[in-house]
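Heads up, the next two complexes both have chain A, just with different partners, chain B and then chain C.
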Partner chain A sequence: MRREGSPWQGLGVVLLKEFADHLTSARMRVLEWLVVLVALAAIYAAITQVRDVTAQDPFLFLRLFTTSREPLPSFVAFLSFLVPLMAIGLGFDAVNSEHNRRTLSRILSQPIYRDALLFGKFLAGLATLTVSLLVLWLLLIGLGLIMLGVPPGGEEMGRAFIFLLVTIAYAGVWLALAMLFSILFRSAATAALVTLGLWLFLTVIWPALAPAIAQALVPSDDEAALIIAGQMLARLSPSTLFGEIVLALLHPTTRTLGPVYLSQLQGAVMGAPLPLSQSVLVAWPQIVGLVAACILLFAVGYIAFQRQEVRA
Partner chain B sequence: MRIRLLSLAAMMMLLAAPVLAADAAKSDVKGLYLLTDYPAVTVQPGTTSTISLRLRNYGMAPERLALSVAGVPAGWKATLLGGGQPVAAAMPATDDSVALDLRLDVPKEAAMGTTTLTVSAEGASGTRVSLPIAVSLAKDLPAKLSLQTDLPQLRGASNSNFEYTLTIKNDSGKKLLVSLAANAPQNFDTSFTEAYGTQQLTAIPVDAGKTKDVKLKVTPPSTADAGTYPVTVRVAAEGAEATTKVELTITGEPKLELSGRQGLLSAQATAGKESTIPITVSNTGTAPAENVKLSGTAPSGWKISFDPKVIDRIAPNERKEVQATIQPPEKAIAGDYATTITAASRGETGSANFRITVTTSTMWGIAGVGIIGVALLILVGAVVRFGRR
Partner chain C sequence: MGENVIEARGLTKRYGPATAVDHVSFNVAAGEIFGLLGPNGAGKTTTILMLLGLTECSEGTARVFGRDPMREPLAVKKLVGYMPELVGFYDHLTAADNLYYTARLIGIPAPERADRIAAALARVGLSGEADKRVGAFSRGMRQRLGLAEIVMKNARVAILDEPTNGLDPQAAVELLDLIRSLKATGVSILLSSHLLDRVQSVCDRVALFNKGRIALMGTVAELGRQVLGGGFAVEVEADGGIDVARRLASLPGVRNVEEPTAGRWRLTCDRDLRAEAAAEVVAAGGRLTQLALDEPSLETIYTRYFQSTQQEAAHAA
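So, the complex of A and B:
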């Protein structure tokens, strides 16, 4: 039966309810504590390291994000691992739990469309992630201010803010993926396992596998073509995209993310930072890739959900 | 047997005959002689001088000969030395000689004039030889120097060196240590070196009656104006001095300096697009710069051109503006690049390093927004197509 009227009807109700559920759920609390504690450890390590090692740096504040101290990884490395985990944790049972609790048909008997239900669930998940990431981000900057005593510059804040937005988009990709599987699989455990498996595959295995596949696919002996093909394949993984964006945004001296010919480096003044707009331009394809992947994954999940039988 | 002996003796006589003849020729001079190379000498009062003598015996039997010096004025000291010791007698062997030295100590206050000393040797058998030696007292010759140069007038640019070869002549009777000095305008650097050497000198020894060449190097300050500058060279030793004047004519020269407008040495350029940088060429030298050509070195693939390419003339303390057009290649990576822009006018060059900040085109950024738009359109399409109750 065709929908009549706006697909947004009831969106607010679903969003607020889901948001409230997320923030009060035990699962979310555990995830939050995990993330906050781990992030605090990383920040503390970074600050002590920055104090010990860095003499002068025009982007001292950005060092807080990227500096690591053995044995802990840097804050950014933590985020690239834990943000997918949080997103998957929030999204893996979004739809199938409703099925299993037999509440889906009851909700849909209300004046709420399926569109609004899915949009609401996704947006609520994203809002939850945004809140926690924002808190984390503010925590980092506050701690940095207290422990370093150096106020961050405007450009640094700009870079850090764009980094926050990119992290939210990165979380959105995994949230959309987790929701897609929660629609496709009726069992929450299956959905969680498949999503986590895919995450591990894309994060750990794919970057190592991509050059090998490129070698098999590209028959030419051209070294540069091979490297470019390998990089293109590796960029199918959101983790790779996120890593490259972080590199361009938080290391202002990064000039390019692809392979560079020696002739392009001739006469270049090394170590000179790029302006923020240029850094964003360098990482722009990756940013676009993350946002578009998030939207497309949600669209696929939406189509699947619309075509599903909800009366169990 | 007897005849044989006689003939042998005759033969021996024959053989000996030339030897005897030679002896006879040598023995033309016979007797005892006191000899010296210069029997009339000049000495300075207050000094000790030595006159070498020889007592020669030609074909006389050796004999003890007592030595004496007569006619020594009061206050003078005349000593005969043989083998370094004072001696009173000598004994030359036949056809041999004994070397003697007459040492004269002349007091400072001795009167000028000529004194004749007589050295004599007297034997017990009445043999007697004597040698008069005329000793003249004279003051030393005064020190005298002369200074000459072949090329006293040189011409060159203010950044060149002016080198003069000077000939110092010592016209006095003894070796002199000649000190060298040059008086040049303020901030002009002068130095003396050997004619073929690099070691700088302040004084040079010159033997009596000899000449020596020294080189004077004058380095004007690079800011010296065009004009003629005199340099006075003075050499002096023991009250004697000589001076000469040399001149150097400095021709002015241009000096080029480059900068961006208001001294800026940085500029922005977009990859694949031309951008124009105003460049100021100023002449801070002392002569006009003519035919100033502009060129630039940039990374390969970059295009640099100038408008105008050549500046006809820049007068001293004047500046001209040139537009430089820089185009980084399409594939240039964003960031800072160093380029050098050079202005050249007949050997004089000025250059400046410009820092070009390359930005990449935002076209791909717009394309990215388009891709996100397409993704959103797909979502909207799905909402429209699959929306249901």
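So, the complex of A and C:
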């Protein structure tokens, strides 16, 4: 049955309202301070380390992202840990709170479709995360300029910018996951716990578990087949994908993200950096996978929301 | 009454094998207050959601101003104001900001918003609370804010789900007054409630729901005649008088006279016989102390109806 009227009607209104809610909420302020403080510590540590160690690195600026100094992990490691936390923090009660506050049926009785509400909430969450990540990114580059005194090259900036986009997509995956559970579970606490549990599982346990499962599934003595199978399984986790993309983007010498046969290395100049386009190409499947995961999770949530009863 | 604003024909909603609403048909005429009454879980809210296009109907058709809420939900929802049961607002926003959000969703042009919101809040007596956070509001204030939203929307039909639920008696009376004043401005109203007696006073017509079906429909007086049989009950109290009971019974139109206590008579009659009964008591030499016409109460009608249907069911079995 065809319905009349645009599903986008009211999208902008919902987006702006949710965006304003996010930016003024106490929860967001706590998350922002957490992220900024932790990131500052990581950046500071990286800068002191970079100054000590590397003088002649052509990609000095990228070292700011990836260098760690005991006991702090690197900026990128921090991000891969904190971005999901922020995204989950923004999304875990997106829909069920509307149910529990009994605002959902009132809002949906206004002349808008459900699509506008869900899209608006997702985009507002993504916009909030984008703003935070952009601020963080600019902070890092600004501090780098001041403290290193070396201007970054065009290619470095290109890599850093693509890294920013990928991080936003990574945040989108967790936001979509959190919103999916906020649709499926009526209780916000349950949704938050399940999302956090799944996040820990995918980030910490799954990468360790994947090779073991591969060993059980692939009855082969072929070492390479086993490694490839393990890697394929591990890539089901968005954290693994993100880690691999970071590796390809921020370490220009990375030539491949899988196992390499000796024959493939013939004629290669070891340790020579790849141009940006080639690095992106190396990580392209991972980037597409990350975006696809985000869209898929959102689509599942979208269908669940459309089929859900409105009544409390 | 004019044309119908809401028409439901054989509306049915099934959840798997269970039938929540079973072939429900009714009309709401322009300018009337129509009550969907019945116990919780009888299918009232589901019926309302189908009228709004917020849930799909398994069978039957609904028309709101001649439009199908399934096919043109946006057009229907523009004309209809809906206040769900225990309506909720965003607690961290002020009353006015909550209405601003809805105003933008409705698409009220920016220059008009402030005036319409202020006017709506004034109508429901919340002008002083416009800039307070809804988190601090009582249940009654929230319900009134829900009505303010409908006023702001200039809705031509208001659908109110359990509007007096959770309110103390004072707040409930105030809310019912507001609903009456809404009707006075030409808004048709469909309201649902399980508190039969409380909403009886505001409804022009009612439909009594039971297990997903409409058991009875009509004005309260009609239902009374239909179920209780005897049209009017007149209560007379008097001191003294000779042979009052016999004289009252001989009045034309009186079917039955009971004397529950001495000096008190209960007449079942075909029409309102208060004046005749009073004259008769005086003529018999009695001093009339009280005279009352018993309106049939919905509660009584409802209980009596289900007693009789249950008895029939028992007989059939």
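Note that the second predicted complex is superposed on the first by the 309 of 312 C-alpha atoms of A that agree within 3 Å, B and C clash if a C-alpha of one lies under 4 Å from a C-alpha of the other, contacts with A are read in each partner's own complex, and residues count from 1 in each chain.
Here is the rule we use: a residue touches a chain if its C-beta (ideal position, glycine included) is under 8 Å from a C-beta of that chain, and two chains touch if they have at least 3 such contacts.
The structure presented is a predicted model; accordingly, all values stated were derived computationally and were not measured.
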{"item": "Simultaneous placement of chain C and chain B on chain A, clash or fit", "value": "fit"}
{"item": "Which superposed partner A:Gln266 touches (first chain B, second chain C, both, neither)", "value": "first"}
{"item": "Partner chain(s) touched by A:Thr256 [first = chain B, second = chain C, both, neither]", "value": "first"}
{"item": "Chain B versus chain C as contact partner of A:Tyr113, first or second or both or neither", "value": "both"}
{"item": "Chain B versus chain C as contact partner of A:Ala292, first or second or both or neither", "value": "first"}
{"item": "Touched partner set for A:Ser220, first chain B, second chain C, both or neither", "value": "neither"}
{"item": "Which superposed partner A:Gln306 touches (first chain B, second chain C, both, neither)", "value": "first"}
{"item": "First (chain B), second (chain C), both or neither touched by A:Gln278", "value": "first"}
{"item": "Superposition-derived minimum Cα distance between chain C and chain B (Å)", "value": "5"}
{"item": "Shared contact residues on chain A - chain B and chain C", "value": "1-4, 108, 113"}
{"item": "Of chain A, residues touching chain B in the complex", "value": "1-4, 7, 108, 113-115, 255-256, 260, 263-269, 272, 274-275, 277-278, 280-282, 284-285, 287-288, 291-292, 295-296, 298-299, 302-303, 306-307"}
{"item": "Chain A partner contacts - residues on chain B that touch it in the complex", "value": "298-302, 331-339, 355, 357, 359-360, 362, 364-365, 368-369, 371-372, 374-376, 378-379, 382-383, 386-389"}
{"item": "Of all residues in chain C, those that touch chain A in their complex", "value": "45-46, 49, 52, 54-55, 70-75, 77-78, 80-92, 101-102, 104-107, 146, 149"}
{"item": "List of chain A residues in touch with chain C within their complex", "value": "1-5, 9-10, 13-14, 17, 21, 25, 101-103, 105-113, 309-312"}
